[in-house]
Amino acid sequence: MNKRVLFETIRTLVAIGVALLLALIIIFSVSDEPGYALERFLLGPVTNLRNFGNVLEMAIPLIFTGLAISVMFMAKQFNLGAEGGFFFGAVGATALVLTFNLPPVILPVAAIIVGALAGGLGSALPAVLKARMGASELVSSLMMNFILFWLGLFIINNYFRDAMAGAMASHRFPDAAKLTRILPGTRLHFGIFIALAMVVVVYLFLYRSRWGYALRMVGLNIRFAEYSGINTKSVILYSQIIGGMIAGMGGTVELLGMYPRFTWFQLPGYGWDGVIVAIMARNNPLLVPVFAFFLAYLRIGADIMARVTDVPSEVVAIIQGVMIMLVTAERLLAGWRHRMVVKEKMKAAEAAEVEGGGVQHG
Amino acid sequence: APAAPAAPAEPGAPAEPSEDALKVVLLLNGTLGDRSFFDSAHAGVQMIEQQFGAEVRTIEMSYDQTRWEPTLWEVSEQDWDIIILGTWQMTEYLEEIAQEFPDNRYIIFDTSVDYSVGDLSNVYSILYKQNEGSFLAGALAAKVTTSDMELSNDRKLIGFLGGMDIPVINDFLVGYIEGALYVDEDVSVYVSYIGSFDDSASGKENALAQYNAGVDIGFNVAGQAGLGQLDAAQEVNRYAIGVDSDQAMVFAESDPDKAELVLTSMMKRVDNSLVRAAEMHMAGTLPYGEAEALGLVEEAVGLANNDFFERNVPAEIRAELEELAEMIINGEITVSSAIGMSTDELNQIRDAVKP
Amino acid sequence: MEEILAMKGITKVYPNGIVANKDVDFSVRKGEIHAIMGENGAGKSTLMKILFGMEQPEEGEIYYKGEKVILHSPNTAINYGIGMVHQHFMLVPSLTVAENMVLGVEPKKSSVLFDFEKAVQMTEEVSQKYNLAIDPKAIVEDLAVGKKQKLEILKALLRGAEVLILDEPTAVLTPQETKELFEELINLKNQGFTIIFISHKLKEIKQITDRLTILRNGRSMGIHETKAISEQEISRLMVGRDVVLKVDKQPATPGDVVIETKGLSYHDATGKPVVNQMSFRVRKGEIMGIAGVEGNGQGELVELITGLKKPSVGDIFIGGVPVKDLTVKEIRNLKTSHIPEDRMVYGVAAEGTIGENLISDRFDHPKYNGKLLQKVKSLISRSEELIKDYKVKCDGHTQQVNMLSGGNIQKVVVAREFSSDPKLIVADQPTRGIDVGSTEFIRRKLVELRDEGTAVLLVSADLNEVLELSDSLMVMYGGEIAAYFEDASQVDEMELGMYMLGLKTMEQHEMGGATGE
Amino acid sequence: MGSLFDIIFSANFGYAVLRVTTPILFASLGALISIKAGVVNISMEGTMLTAALAGVAISAYTGSAFGGLVGAVVVGMLLGLLLAYFALNLKTDIILAAIAINLMASGGTVFGLFVISGDRGISSSLASKVLPRIQIPILHQIPVLGPVFSNHNVLTYVAFISVALVYILLYKTPLGLRIRAVGENAHAADSVGISVKKTQYIALIMSGAFAGFGGAFMSMGYVSWFSTNMIAGRGFIALAAEALGMGRPFGVLLTSLLFGSADALANALQAFRIPSEFVQMVPYVVTIIGLVVYAQRKHSAAQKVRQEDRA
């Protein structure tokens, strides 16, 4: 088991190394100061507190959407609605904080609940369509993303718009709604604790609760789940609704932690990032923050490089893509690993032969 | 603008006792190449470089919102005389950061910070009266559709192609409608929103729907997506009016036939306004701590007066437009603004001209 | 006779670390039928996959007609004249028989288009040549298993196979179909084909093979002349001890009725009754066998009883409770256990751990749950107990099920289903494709449970199994009860065959008390 | 202005539907081929975007619209190859690899455009070419049909002809048989000596080629330039169209047309002063309705099949 972890670590490092090499080649071809650019890319995020704060700030929404997607993918529900859920959750939260005049602490808590409900509502339709008549949740959730986006804009535009603002924007949030900043000199806010708490909650839910067990079995083999007496339809429903709720919470936390008012007139893209994070984490909630951090680090490092050197920021997108693909390339070094396994097992088998018995499983 | 030589710093200029050149940085919360707003700001900064011998730098922060605030922080910590940034999305960051760096000087264009939130005496805000410029565009469109120009038809129907149904875009719309109605009470306006600022194919599709419904001249206010209107105009041989920058120039070389149909563009002269501000900064007369709305008077907005305009728009129409501009400048006409307008009021205006 | 092919010193390690073959020597003579035997997971299929180019060995050499060959892919093997019929069908269900036949060697017309007519013609030719009748235009998913088996053999023959590998071809066949297959194999052998035959059924091996190779734990236990080796010796070489398949069984002492059906019918989408007007009872402490050729409604009957399907007409009572409208869960709560026909489809979540698979029927039981979270420790200790009790060969409860051999996977299913203190067990083909050792174990357990008072409904295509285990016996034909014997020990095998094939049907009065109203 | 009825039954509307449908149809045919081979290609969006840029750049460079088209298609195929290499050789999760390609395309095209033209928004400074329109001789003169079906961009005809070609490829050629076999049961295909990997490579490359056509249409037919993010979600809509198309080329044609019509309808609805947000929703709502109708049918059919299976 330890060998496996070791191998995975080495493989990941090699992948990152290869990706960096490619990055270096790209950087060399576009920059006059490649060494400095690469240095900024890799170390920029940790050279000062604010930059590091930026990494953590960005990891927060990625953790939420990563968890949301993990829960849904774990049940083999290919719902890509985290994008819309995130957005619509923020819309719901905006509606709440601008409508009800609640005291601090209570207001953000209420906003997160409403945001979660709004996000859950968004994924409820694909879930119901899937459970009731087997309609592809992939298609309906993709479509729902757009529907939620326009519906959200309609709500903001017609009910919460600040007419005096020069762009599409809601009224300012009351101070009571805002999540406190926790690290002076950065924008890092209380949301990071909520995100990490959600990691634990989702982990316990998936691996320690009966509902999580049912969810995982549906994901592994739905016919087995049905045969075992698990109510598979309800799992299809709740896995997606919970996923949407987590995404909606994420939207709320991001909005109240980072923005003074609702100003998104584009889908923020965290849903797709959540897919990246979830796949890299193999749907394991405990790994979600790790890869959320990784992705955030990559992005912030890239930003810093683009900001202070002559490497255009778009090049960074290419480097990121290569890195994501290589880090998850399972076959990378597979041959080496296989030789390692063979050697070890053959030794074990020979030893077993001496004892006269046969051992197959190591 | 008068070309001042590399001016020595005024004794009265506050924070800057230096002998060396003015150092100006421009932050774009988008990228260059929009052929519009950001390009115009960049051009302004380059004019500042040329005219005043300033040291300038343009930083593109791209459209990713998460980068904007960190970049502003970082730049604020560096040693610049003027930090220029633009658009409404940057205001709240600036309101916070400007107070942290009271010795810095900031210019923000196309929006205003909220001076009531704290001590923002180091921020100068530039607003553009896009409604004034759009008034002229609307007047032009109404003139053209009722004229017997080669490509205009009998119907009194003009088009407006917006990016999204949001306040800034509607500020153009309101001016446009008022301008059209000022010329002819009976003109109708076919209003479409593309729902995007980059989908030029959809822009073309929407513009075609307008032209096919009898629109003979349209005004696009949708960034890159709006350029689709120019393609549509060429396809059905109708007129178009560009926005923000001189859109005829976008195609003047690569596709002159297309450029020919762009009668003019309603321009926001970010460049002019920045040069003006830099000049006033050096003269020590720039009113930091205030917002100014610049319009036709300051040449901060206006119709592009290019060859195409002169060649294709009949002289009498051009003369009338000039008259209208004069009337706006001297206050005989006041143009309404969508900023501050409720959705209901807006709907009334739009419904009144519905075809 | 000359050796047509030989494998020397073959070692195979799967990426997950399982050593499936270790230093195996194996050879076949031209024109013989050669059996490979061994427990589940002994490495039989792996060895054959290596021979067919589907897996690459870590070490070892392969000689074909005296020449050393390297088989990188099935394509190479096919080109040498090696054909394989796999343990699990390798067919594309939505395609026609002819299309499946020519896949990979498609005939063309006008040099780019697929020539379907030619494919049909090729299929007909080869099917006539080897006297294996099949309809070239039928869609494969509509075929009965026997036909699919034929198609697989024809596929290999069409590709010019001289050596035919058959991996457990009889596991899914009825006795009649098996008989027919054997005739065909003998026929092929007489035409000069060489056949490698994998089976767990000693009787079959004895019947048609010339020599046999035994594998145990990935190692070869040598090649033997079939005539010269006794069944006892074979099983000793395979398992390392003597195996008795004859289960010692005392006469049943049936008690109250546990399950009763009344006029039970199930109609498929086309409205055809697949289960028709079935009324029967099974008592406490009784094993009732259901014999019948596969596809006569047994599968549906099992699914109706266990709640996976809902009856069109009629009633089912378990312990007196009507269960027609109950969910699977509610039926399980009435202490019903179910060993499904296809363990990989219904019986397990293959990518889950053994522990997870052992608790699927009781994971939400209050005993294992707090208010919010599960009591993980008690679940684990429960799993470990079951692994020990049922002798599941594994590394521990965290091992993935798909790393186990077929027999051990079945033990996981059986352990879960037998350990919930069932009042009724519905066992559908409980020993299909299972080696002798495990088969013996599972049969013994069934009888033990009966003795403890459980009612057992046993569906099996294996007549020996049904006859040996059943106290009473029912024959299904065309979704109906064709015969019922109150005392299964009195049944004559030939007579049973007549009922199974629908040549004979019992009158209501002959069936006696357990069926009818 | 006429009623909605008048608009929808006008020749302009019909013409618009075909034009709007074209890029979606290309991409969904590409998606169809990949899915048939069991390898989902969700990088259609990024591939189209990259191909759109390649077409413009190469046509400007060679001065030939055809050269641009070939370039776009080749670039599409290369991206298909890249996806195949990562997914099939390095075993990167294919969804993830495709998302990464989309990511790279959105940044890479801006960078590429900058390198080629010095611009970052639109390629208008390049004298790129557009693919010609085709007047269909006799049809052109027929009143209603002519204006609807004639005088389209050549790629619109290519798209519609491709439906038949893809049908022939999948159902009438050995390669198609192999693609379907690999997609349905890779083990079975492998066991008869078909190289699963090679077949999937071919399928992904072909799907990239179709995305290439779609991209070329966007920048050399629909409009006459490349601009950043110009595909604007069409690649994803195509995935939905494919999923709705019941895995059949002609099904995909119908669903792409459904999308095209819904989109054109949304444009037409702008004239009626419905809140613009709702107008924008129309295509997506129509899709969900389509999905529900389709699922209802499939659901009952599936139930039927399942019951038959057991028989």
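Observations on the structure shown:
As written, the chain order gives the labels A, B, C and D, with residue 1 at the start of each chain.
Just so we're on the same page, contacts are C-beta pairs under 8 Å (C-beta built on N, C-alpha and C of every residue); 3 or more make two chains touch, one makes a residue touch a chain.
Here the structure is a predicted model, which means the values were calculated and not measured.
Of all chains, the one whose mean C-alpha position sits at the greatest distance from that of chain D is C.
The chain pair with more C-beta contacts between its two chains, of A-B and A-D, is A-D.
Computed centre separation for the pair chain B/chain D is 36 angstrom, with centres defined by C-alpha atoms. Work out the mean CA point of chain A and of chain D, and you get 28 Å between them.
Averaging C-alpha coordinates per chain places the centre of chain C 45 Å away from that of chain D.
Each of the following residues of chain B touches two or more other chains: 60, 164-165, 195. For chain D, the set of residues touching two or more other chains reads 110, 114, 275, 277, 280.
Under the contact definition stated at the top, the residues of chain A that touch 2 or more other chains are 150, 153, 157-158, 312-314, 334. Annotation, chain-chain contacts: A-B, A-C, A-D, B-D, C-D (touch as defined at the top).
By the touch rule above, chain D contacts chain C in their complex via residues 168, 172-174, 176-178, 180-181, 184-185, 187-195, 303-305, 307-311.
Residues 204, 208-210, 213-214, 216-217, 220-221, 223-231, 334, 337-338, 341-342, 344-346, 348-349, 353, 357-362 of chain A are the ones that touch chain C when the two sit in their complex. Interface residues of chain B, counted against chain A in their complex, comprise 59-67, 69-71, 73-74, 87-89, 91-92, 110-112, 127, 164-168, 195, 339-343.
Looking at the complex, you find that chain A touches chain D at residues 125, 129, 133-136, 138-140, 142-144, 146-147, 150-151, 153-154, 157-158, 272, 275-276, 279-280, 312-318, 320-322, 324-326, 328-332, 334.
Residue ranges on chain C touching chain D, taken from their complex, read 52, 54, 73-75, 77-79, 84, 86, 88-95, 99-100, 103-106, 108, 112-114, 141, 155, 159, 268-270, 272, 274, 295, 299-300, 303.
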